[in-house]
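Shared between the two complexes below is chain A, which has chain B as its partner in the first and chain C in the second.
So, the complex of A and B:
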């Protein structure tokens, strides 16, 4: 009996003494419900696919990656709590959130804990707070919009513009960046129309547009609102060119707006329709895995996963501080780190730059009209 | 002038859909003293039934019919049998709480099974735009307005001109006396719930092409319809109609001429004004209840 007990105890001790399989914990904190669900779900799936590929290829520095998902509910305070929860769970890095209103709140928690955060948000304020732990996966609107306005001035000959924007952190950032550029380029703003987050009825806003004449309408709304807006524009027969940055011509918007999306123009940092073999292959794999066409948010998430892997390998250790330190001033070339899809640079504020695209929606697809250089 | 016409037509079109949902509030209140706080979700859900029908391979209109049948079963008969009948003997408040819980359950279930993102919903009317005195009036707006008006007008005719309708009214006004006179009160109450489910389905099919089908659509719709029902008069169908149209028009007028930022506050201000100045609603009648 005693022998049996000793044997059992020895076996238990031996098992518990074995080193546990180390794993790299990543917190995926995104908008899985609420108004940001379209963007958040895409970003989440991109992150998931990226890390699944990384795990299949041996993980990060030999360690498998374990992703834990947290739903921010598109609520800044919930997102803050989720970031804290992820940190308490011991994550090495965070991916998300996508909505700027959430990111400006939750990034302070990650900063305090020294956890690098790879966000899909585009509000300019995010990289202007001297936060050494925040990194973008798409450039901020203060970098994207100058590319767009330059194209509008030089290629479209725009002189008068109406602006329709979301009265949120995301929208305010784009609105301010656009007005600054408009002033610099001498655009006359003939109408300035704010809208609310999760707005469902755009008839009054489009009525306002109908009362003015402009060379173009700059639309800066999130995905679902963009689709509702485009449908209303079609319904009321507005003929002015609609130009957006990132969201207006996104794939989710095209799916939701249907035929009403045709003719919309926009600047996009990432597009599955870019003639880049790595991007095309990624899009095909994504469609196969998730059954829908990824939008720019999915590609952002995918890039975030691969950036984390490549940076950890460059730093030589999968450690939060090492990753954050190595990210500043870094350029990842697609040749060395194929998962980032395009050559990408991050500056000391976490802002990124790379080439981007000007597209038009034709027959329900993005058609690249011009490649815009990195700035 | 063209702008005003445009705003009025858009407001009336949206308001007529709110009215459909608001009529549901008044119907259930009259028939069974049920304030259904899941009414917004009742309007959200049939849109997903249509999408499920289409995913099963049905064309649009058969899918709408499929959604109508499902709604009658789930939002009409099952709602009455499983929620209202067991809860009603415990008073109005437990029933109100039960409908709030039901609304949450419906919302979260749609999110769980169909996803949190909005879904495209096929247009019911052609995308044609007409020019009326300089205003662009879409076939969708005109269609929404006509269908809603026909539905509510048809309901009024049914209630006033048919024997069953009058029995339903009698059951709502005094169930005890109605029963003595040989009216099958339980059946009449069931009809009321079925009519509410049918109206919710019509509202859903009309509004989903504008709002897109999304699990959270009921939040806005439920609140607006509730306000419309109170503004118009909670115990009058024509009051709910007027309330819905008024809220739709005021919402659009305030967004254009006052402030887009405060547009959501305008119906609430209207609600406060009505409660202070005419608590029974614009077309409602004063009603006393023993407590």
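So, the complex of A and C:
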């Protein structure tokens, strides 16, 4: 504690002692407390590492980047206040938030001020609001789920499926998208089980699953709930394959669920275990710096930092409007902008697309079973 | 009111008017949030601090106000009409809930109101056709007063300040009316109050419903302020936060809830430099305060003040005060 205080005080003194120099301000608004803390901390560290690397390499257009962090407390009202604060502080761009309910509010405020926002949220509604200042760092669940269901139908031969989902904005988006796709592909839904955010006991839900027979169970919960659910499934010995999108096979979940995560299948937009050299190297550096394995949220944050840098350089100036204008319809190739790790495109609504992976958890590690093409 | 008091109140109002001038949007927005929570906490203070009933449903009443206002203003009705309906709706729901609930008191009432808060949260989330479910409602317009738009944060602050002063005046008037004195009598000694002809149940019900109506007014200010509402903003945790505001500030003191709201909203901000530790420090501070001064900060201030002026004899009959 004392160390922290002295450290902060020393840092403040050091900062005030420096002569004023032109710097590019970025606001990192994330969930550092509350239910979103697991995802938010990962995203924050990703952004931090990204910009530290950029600064070490000479900054953006020769200007060093200063990141200010704001805690949204996973509360939309606080989140809005933090966006106001970031804008008052004069940021050029905002990275975060991860939870959709906060992002929806932040978007309104950032739009009024004309500040581009690089969000980690995956709820479909975000890019359907005609907001020219919002950009995703991972594609929305409405794009991810068709990839997943296609794989389930073609490679796994699934005919009947049970659905377990979180009754939140995040969960509902995924649930609706999945049911639409399931109908299109002719899956039979044998059970539809909603759960609560911050639910701790999943025994009743798993008992329901035990009573039915399905080719697969689609699980769409946030990180901590996914881990608790997996533990309960293992405890009760349910044998059906569990398939998720992004969260179920995430590293935070594997860490929390331990043994119980083995065998879980899932589609992930980003994985530290993909055999992409740039990503493997980034993951190693991250582990060295922060002492834990980054999950997709950390990679999203890292990509956000580098996307801002590359776009500002393409636009020729580090200006909010210029960045936002240049982002629309842009494709960043990993060859030209190594920090984005994979070729990535953004469309006019801020939605993005890139290749993704179908993985299985084996011995506490994600193993890539297939690469799914961008759509 | 003594002349010194009038001068102090006038100075306080002047300070509130001057507070946001020259400040950034963030400060103005946070000050507006504080005004809003102060109104809700004032209502809870009436129920808790004056009538002595523990309610864990204040956030639910804010929710009723917020959703009624959001739906009505989204349908194009003026804010003032929506706010009146919100206050009335919260009052009526307060009566309906209070009538059966107030057969039980203290911590049993806390359980009943806790259940109500969870129930309301589930209704707000699951009645998607009306409330938008967990997607919430977005884009509520801010009202115009006499042709002046409150779209800028500064204008909206003054709008909220006017509502706050109005609410504070109504509260002050209630407290010095026979009702307010009856509420205090109930808290201090219900049996003596009843022997003097007060109808205990009717009075507590009234205090509860009026307190709820203040929650409704605070709720009505929320949609135009945040321009987004979702059921999560009215969950049980927020009722506990409001309870904390009242208890930390000083239950049963007129200015207690305002001080408490300021502290609950601002302290996490002030402690932010301690990074991950701020929640722990914050929680410790609250525990220490409750151990040494159950009457909250204002109670603590009074204790210190009396320490310096030992000659002034404390009124013995006021000593018991509020007990959680």
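Just so it is clear, the second predicted complex is superposed on the first by the 355 of 375 C-alpha atoms of A that agree within 3 Å, B and C clash if a C-alpha of one lies under 4 Å from a C-alpha of the other, contacts with A are read in each partner's own complex, and residues count from 1 in each chain.
Please note the rule applied: a contact is a pair of C-beta atoms (placed from the backbone, for glycine too) under 8 Å apart; a residue touches a chain by one contact, two chains touch by 3 or more.
Predicted model only: the values in this text are computed from it and were never measured.
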{"item": "Chain C versus chain B on the shared chain A, clash or fit after superposition", "value": "clash"}
{"item": "Touching partner for A:167 - first (chain B), second (chain C), both, neither", "value": "both"}
{"item": "First, second, both or neither for A:204, with chain B first and chain C second", "value": "first"}
{"item": "Partner chain(s) touched by A:111 [first = chain B, second = chain C, both, neither]", "value": "neither"}
{"item": "Partner chain in contact with A:326 - chain B first, chain C second, else both or neither", "value": "neither"}
{"item": "First, second, both or neither for A:101, with chain B first and chain C second", "value": "second"}
{"item": "Touched partner set for A:125, first chain B, second chain C, both or neither", "value": "second"}
{"item": "Which superposed partner A:33 touches (first chain B, second chain C, both, neither)", "value": "both"}
{"item": "Partner chain in contact with A:48 - chain B first, chain C second, else both or neither", "value": "neither"}
{"item": "Which of chain B and chain C A:81 touches, first, second, both or neither", "value": "second"}
{"item": "Listed stretches 9-17, 189-197, 225-233 or 279-287 of chain C, narrowed to the one that overlaps chain B", "value": "279-287"}
{"item": "Chain A residues contacted in one complex by chain B, in the other by chain C", "value": "32-33, 167"}
{"item": "Parts of chain A lying in touch with chain B, wherever the complex brings them together", "value": "32-34, 37-38, 41, 167, 193-196, 198, 200-201, 203-205, 207-208, 210-211, 224, 227-228, 231-232, 234-237, 252, 255-259"}
{"item": "Touching residues (chain side chain B, partner chain A) in the complex", "value": "3, 6-7, 10-11, 14, 111, 115-120, 127, 129, 136, 138, 140-141, 209-212, 214-217, 220, 251-252, 255-256, 260-261, 263-264"}
{"item": "Contact set on chain A toward chain C in their complex", "value": "1, 4-5, 8, 32-33, 71, 73, 75-77, 80-82, 84-85, 87-88, 101, 104-105, 108, 125, 167-169, 171-172, 197"}
{"item": "Chain A-touching residues of chain C, taken from the complex the two chains share", "value": "24-27, 29-30, 33, 125, 133-136, 138-139, 153, 222, 226-228, 230, 232-233, 268, 272-277, 279"}
